[in-house]
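As structure tokens, here come the structures.
In the two assemblies presented below, subunit A is common to both, partnered first by subunit B and then by subunit C.
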Partner chain A sequence: MIQRPSRLQRPNAQIALGGLTGIAALASVLIIVLMLVFLAIYAYPAIRFNGLGFFSGTIWNIGNQYGSGSVTRNGFSAEPGAIFGAIVFIFGSVATSTLAMLIAIPFSIMVAMALVYRVHPRIRPIANALVELMAGVPSVVYGLWGMVVLVPLIARLPGAGSGNGLLAATIILALMVTPIMVATIRDVVLAQSATIFEASMALGGTSWQAVTRAVLPSVRGGVVASVLLAFGRALGETMAVLMVCGSAINSLPQNIYQPVNTIAAVIVSQLESALTDSSGMAQRSLAELAVVLFLITLAVNIIARVALHGADRSEGQ
Partner chain B sequence: MILRSAFNRLWWTVSILCLLAAIAILFIVFAFVAIRGFPALHPEIFYTVTSGIAGGLANAIAGTFLLVSVGLLMVTVVGLGTAIWIVEFAPPWGKSTVRFAIDILSGVPSIVVGYFLYVALVEALGWGFSLMAGALALAIFMLPYVVRSADIALSKVPPAMREGAFALGARPAMVVFTIAFPWAAPGILTGLLVATGIGLGETAPLIYTAGWSNYMPTLAPTYSPVGYLTYVVWTYISQPFAKSHELAYAAALLLMVFIFTTNLLARSFLEYSSSSRGRR
Partner chain C sequence: MRKLSITALALGAALLCTPLAQAANARLLETGSSLLYPLMNLWVADYQKGHGVQITTQSTGSGTGISQAISGVAQIGASDAYMSDGQMKGTPMLNIPLAISAQQINYNLPGLNGIHLHLSGPVIAGIYSGQIKFWDDAKIKALNKNVASKLPHHEIVAVHRSDGSGDTFIFSQYLSFSTPSWKNGPGYGTTISWPSVSNAVGANGNPGMVQTCQSTKYCIAYIGVSFLNETNKAGLGYAALLNRSGNFVLPTAGTISAAAKALGSKTPRDERISLVFAPGAQSYPIINYEYAIVNPKQADPSTRAALKEFLSWTIDAKGGQQERFLSSVHFLPLPAAIVKLSKAQINKIE
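So, the complex of A and B:
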């Protein structure tokens, strides 16, 4: 029986498929470039107007919208009294994420070790599924729980004030990044052959010593990468932090209970007020914040990928 | 010696307690949402729209599914296209460039995507808060998950099958659609389900793209804001009324149920396919 060749065999079909999928692949690359370039161009007047004061000032003020005249710096003008200092938000992002990692790193390593070495292989899929469900809980739900349960609990501590603040944001972030780190650390340890554990045991150590002195050091690169990826995630987390951070403006926290604010959270909470700025400088300054956040997470992610690839190479042997 | 084994036992106990604590937190959060949300899940919530501080969730439920469906449609086309190009057509430098870009994209904070689309689409192009802007935000956010899972699934197609097809005279398009796709389908579908779960729970990229609406969403691509469930959770809990709190909890519970269902579906799907794969 002779069959007519399928349309998929035509030369044109090869060119079309290669071309169309190539365009799709190009689109994924272009999105990143476009996002960065567009935001940077849009933020340019703010970058000039704010200068280096953006990274040292604590005051964020869109200026007097009903006043006459305007202030001009470096050829760009905003409403009188306008000043955009972002250190409160930059500090908040770095502080909440760093403190969250301090809690989440030891916790996640402990959880991952229990999953790998102490949970029966038959039960492990269930435990894994639960950890993954934890990663699937939407950020507003963590925020909701934080607002209604965690914040009032913190408020009971002496000197804690309303409870909204650095500590609440830190705890929520730690909870949110834990499942991501657990999954990565578990996978790199499981991928590492069991011989390292067994060899270390054979040398006469205890099983915990085998884990901390032989297994974990041998997957160092993977663990570092998972920590950095989680750190990047924490820096960009918006809703849950927004709901418990107390949305500080113009003031840095003096202790772990006081309100903070992060770059991601302030973009959401300040846009409405920024839209009232007739000079548009407030909105452009928010774009400058977005660019700063983009660049920080970009740097963290690139370092993480390099660590992961380095780890693949040295630990794969 | 006794001290050493005591220490050993102590550390493992701490580690198991940490695991139990992690699982307990999941249950606590879920129980909290379920206990507060379940009594609020009146049947009329599903067919009345929100009005002011109260009402139902029909508009938000429909909006969430509409946004995720349109976003999923976009991401399926672009994401699968990207994965096919990486696996079948790309030169080595192309493979590593696109894979790197996808990794980077997965680390871009969602609010940055949201703010970019707000300035570019909602304002500069004048789309207004709209279905298109919101769906695009979700699509950009879901893209890395879809590309990665499809990339992995397509790369796992046994070389022997591919080579066999080529030896019989098949050309790349033929191999993609008759050999690679059917083989990789379970992995690709799992990725799409995982992406759906992520899209369902997103808030930050939608606030300034989809906006919010008290009315049922229309299919109008632009100029027409769309409501969604996560917005209800975020804003209604800050209102000083018991009625609006009820809606927030109900919306949170629905979200958790939708997301857990997609995650479990994805998981069982992957396990089913890998177990049947083994028997072939």
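So, the complex of A and C:
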């Protein structure tokens, strides 16, 4: 018996659907590109004013708002004494996110494996719900907890100073990204490799061998995607980091306890002062920082994709 | 009694019909300084009882206050700092003092918080620029001979504001006006480029300063006087500061008003002046006017009437300048001469 094609299967509908999804896909790329372009246009005077010193300088000074005259470089002027060096913030963003990922990646994989293969089926729904709850807690709540519980705890360690700093920011970020990674890795494993574990155990492997040799390689793409998602979140996390990082300025940390600052945190904390800069260069320099953060995130994505692609190829041969 | 006063107000309203009728149902938005916020809240709660106007207050920060008053989002931008010449060139705004505030230098020194340490501008500048590293430094000992042996050999953690702040403005003015090397170095502003000190901590807002200093032993911080109740509750000590005449003074009603008097006569018509490091034997060195930043051009007649009426009330001796409002946040009323100047500025709103 021949069935009439449903409405969506008719040729015209196919073309329309194809067109619509194409436009949607294009729009998502276009929005990202436009955001970057407009940010860059806004930041252009700062890019010219700051030059390469932006990437080597440690001093961030919006200049004397109450002084007289102005300073001009490459045709663009700012308040007297203004100098914008971003290395402290670039270092802070990369360092806190990378260290947080070093803690979070192995931990998340272990928790995800435990959730799929080891937790008792009766407890599993509760454990899953807890992980999802943790992923949904607003960052300002993590920040507040960090401020009133974690920071005073760290301050008790010998030589830790105020407790606000690199270590506190790293721990907070690790805590924040772990539930996201656990949830995504768990879902990928459930979808792709639910039976691989048992199969490999049945072949006489230990559970360690089953996870490292069979399960993880089969879900590598999903794991990398979840790491990327988490790394992006860590790089862009603002409030929680701002509340525990110690807002270092003009100074790089000498040990893991000392204050740091990240690009996202400094954009928020400096924005208000930047609004009072009548030359506008402080605001534009913050926009330049935003462009840099954008590019770092993009670079991390591309590097990971390329690495993943390369790994798949070499395996295929 | 209360009924009576309401009746009296209603009667007054009927008599003063024209301006009040215009002000009725108007909406005003005040945003800015977190230091002025507690007082604004007290004022507005009381003022709204007798006036048909709705006033919303927001604690955001002096920078936001200035920029939102300029953009027209807010009718009143609250700021601890007056606008710079550069900002005034862009959009001329009225800088109207509403009250006098001060700032204390707090510290958390176990065992010594009950004692008012003696500190000077150059010594505080030395601490914030990393030249004075320990609490038992010879320069601190020299100012505090009676407790010199009790000062611990412990690293000082200097805490500063990470957000744009009128408190940073007046603190850095004290250091600039008293210490040439600070004036030629970081200088002053609502945000400054702090010297590179690796254990220095930035904190957000006055509440953040109190919290950080409370949890960080051996810290030093600058905190607005409207948070004095909070810093006392947190058990922090506060310093007697060296003034221009060479005396160590505590922030009290007497020393703050002495400083305000010393510079009151110098206040120009646009009232943009620093009251920091005022001359006089009893003058407390870190005080300031709390400003309402207002656009002199208000197109909407009912908003204009409500704005002028509220601002006039805040600086009136029988209105906002009453002690029951000011003393709970440790602010002081404006001297009569300054009230006159502020009134003249309010009259410029048209």
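Simple rule for what comes next: the second predicted complex is superposed on the first by the 259 of 317 C-alpha atoms of A that agree within 3 Å, B and C clash if a C-alpha of one lies under 4 Å from a C-alpha of the other, contacts with A are read in each partner's own complex, and residues count from 1 in each chain.
As a working rule, contacts are C-beta pairs under 8 Å (C-beta built on N, C-alpha and C of every residue); 3 or more make two chains touch, one makes a residue touch a chain.
This one's a predicted model, so the numbers in the text were calculated from it and none came from an experiment.
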Partner chain(s) touched by A:77 [first = subunit B, second = subunit C, both, neither]: neither
Contacts of A:243 with subunit B and subunit C, given as first, second, both or neither: both
Subunit B versus subunit C as contact partner of A:147, first or second or both or neither: both
Which superposed partner A:129 touches (first subunit B, second subunit C, both, neither): first
Which partner reaches more residues of subunit A (counting touched residues only), subunit B or subunit C: B
Contacts of A:28 with subunit B and subunit C, given as first, second, both or neither: first
Residues of subunit A contacting subunit B in one complex and subunit C in the other: 147-148, 243
In the complex, subunit B residues that touch subunit A: 4-5, 7-8, 11-12, 14-16, 18-19, 21-23, 25-26, 28-30, 32-33, 77-82, 84-86, 88-90, 94, 97-98, 100-105, 107-113, 115-116, 118-120, 140, 143, 147, 169-174, 176-178, 197-198, 200-204, 207-208, 230, 233-234, 237, 248-249, 252, 255-256, 259-260, 263-264, 267, 271
Residues of subunit A touching subunit C in the complex: 58-62, 64-68, 79, 81, 83, 147-148, 151-152, 155, 161-164, 242-243, 246-254, 258-259, 261, 269-270, 272-276, 278-279
Sites on subunit C touched by subunit A in the complex: 60-64, 66-67, 84-87, 89-90, 155, 157, 159, 162-164, 187-204, 211-212, 215-217, 219
Interfacial residue positions of subunit A with respect to subunit B in the complex: 6, 8-9, 11, 13-14, 16-18, 20-25, 27-29, 31-32, 35, 38-39, 42, 107, 110-111, 113-115, 117-119, 125, 127, 129-134, 136-145, 147-149, 175, 178-179, 182, 206-209, 229, 232-233, 235-239, 243, 264, 267-268, 271, 283, 286-287, 290, 293-294, 297-298, 300-302, 304-305
